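Before we start, here is the structure in question, set down as structure tokens.
To keep things simple, chains are lettered A, B, C and D as they appear, and every chain counts its residues starting from 1.
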């Protein structure tokens, strides 16, 4: 569904690589807007999480840790976002594959098979990702999606 | 001077460890306030930097990268802040030592000998640090200090 | 089948270790030829991949990333090739083992259990490996094999 | 001189960040052209080197190791290029600073203070870097510059 749609967009963009010599990117203002929306969603349910937003090269633009969040989530949120931007797909895709018994994904460098990391696309190009960690992975994903809606 | 004062405060706090069973800490709201003030100072001069704020365990609370900042600064800002919180002293202290020819500091794990990382104290306890990277190290330090004034 | 044959060749080579004092190796010209063939095969289907070719010590000789390939594939292609040369067997062998439920392979340092990494043999000696990443692992393997045919 | 010029170009680009929402990038064809020119220059003097070309996020596009090059150069060439793209300046700048006695640079994460890594700019934006390692650092830099001329 949604991911198929992204794949189609991606294909279009790949075709256009040769034509224009520039690529879209994510700026700080947009990243803050995403983080604000994610944080607001988390507060609604008193969920404490780390919010990490990376650029298209996998480098941090914004990170926030809400009070009381387990410190392990600082790295997990970044790892989820990194997986999403490195493989241009939500970590949920890897989670589903592993849940179906295909555990070989666990040997894939930088892949995280736990929901909560989602790539960010502009004009079909992966310009970054959001990663959430702190509550259950299903809740993490709800927060990530709430963040992306702000873009 | 200022650091001597901190050291004196620190001694008091060490003495009081046994008496009360809590430690002060830095929360997200305070970290954001510091980051906002640092960002505002940077914008005054059109300086593009990464702002990193860590807690007393050396873990990120807030990170922001301003548009156009060299990506190397993402890691450098965190490393400066880590050095500041790990050794409870500004990275400037190590820089001065190295500049005087004591290069052995360069083999000290997690020490960064470049201005721009400053620890944050509350009641004499090191509750975190701010690290700035992106412009010259002297400018980075100006931004870090502007951030701390907001606390 | 093919791998049994390689194992037999390998045994011969092990016996001959004492007799001559040289080992075959893979040079840059050969590595480029392999990479060219792999790249050509990938272009036939508009597949975007990273092609990595390592020597017998596991060190890169050639790497190429086609435009639009997910950046995660830079590390994955190298990891697949490294697994192939470190264990002198295609990553497909580990994938099959894991798919049969033997997940313990996932704890084997440097082993990748995903198709697309194939060792390169000369006179029964493992002189390197090719690793491909970017499309499905079955497609990655098709490209790797097309590359090896050029040798 | 040259670097001042780059800084000026960079400033222009920073100003334009807000205006257009896209950035230039380096493609495989260009990276190959650079690598070909670098390799040709190295062959003129029978210099054996590793040539590494990274994108603007610090990820490999092309790597080549000429026969007989020390294996340590595989990592060194990448580290030089990474330093160049992470800090948007040639590694020569850091080398000069260290040579003048400012050894504190040696504590800067990802900085390499040895000539041979040069960033690649397009319209004032850092789109990648070339890193060379294998001969003397002055010779490495000659090869890197010969490569860049091909762009």
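Simple rule for what comes next: a contact is a pair of C-beta atoms (placed from the backbone, for glycine too) under 8 Å apart; a residue touches a chain by one contact, two chains touch by 3 or more.
Remember, predicted model here, so these are calculated numbers, not experimental data.
Annotation of chain C and chain D: jointly contacted by A, touch as defined at the top. With every chain reduced to the mean of its CA atoms, the largest distance from chain B is reached by C. Rotation angle relating chain B to chain D: 95°, from a CA superposition, given to the nearest 5.
Chain C has its Cα centroid 31 Å from the Cα centroid of chain A. Annotation: 28 Å between the Cα-based centres of chain A and chain B.
Centre to centre, using the average C-alpha position, chain B and chain C are separated by 46 Å.
Touching of two or more other chains is recorded for residues 67, 71 of chain B.
Viewed as a contact network, the protein chains fit none of the simple shapes, being neither a path, a ring, a star nor fully connected.
Across the whole structure, chains are in contact as follows: A-B, A-C, A-D, B-D, C-D.
In the complex of the two chains, the chain B residues touching chain A come out as 27-28, 32, 50, 55, 57, 59-67, 71, 74. Interface residues of chain A facing chain D in the complex, by the touch rule stated above, are 17-18, 20-25, 27, 55-59, 122.
By the touch criterion stated above, chain D contacts chain B in their complex at residues 10, 13-14, 17-18, 57-58, 83, 85-88, 102-111, 126. Chain C contributes residues 46, 48, 67-68, 70-72, 75-76, 79, 94-95, 98-99, 103, 105-106, 111-114 to its touches with chain A in the complex.
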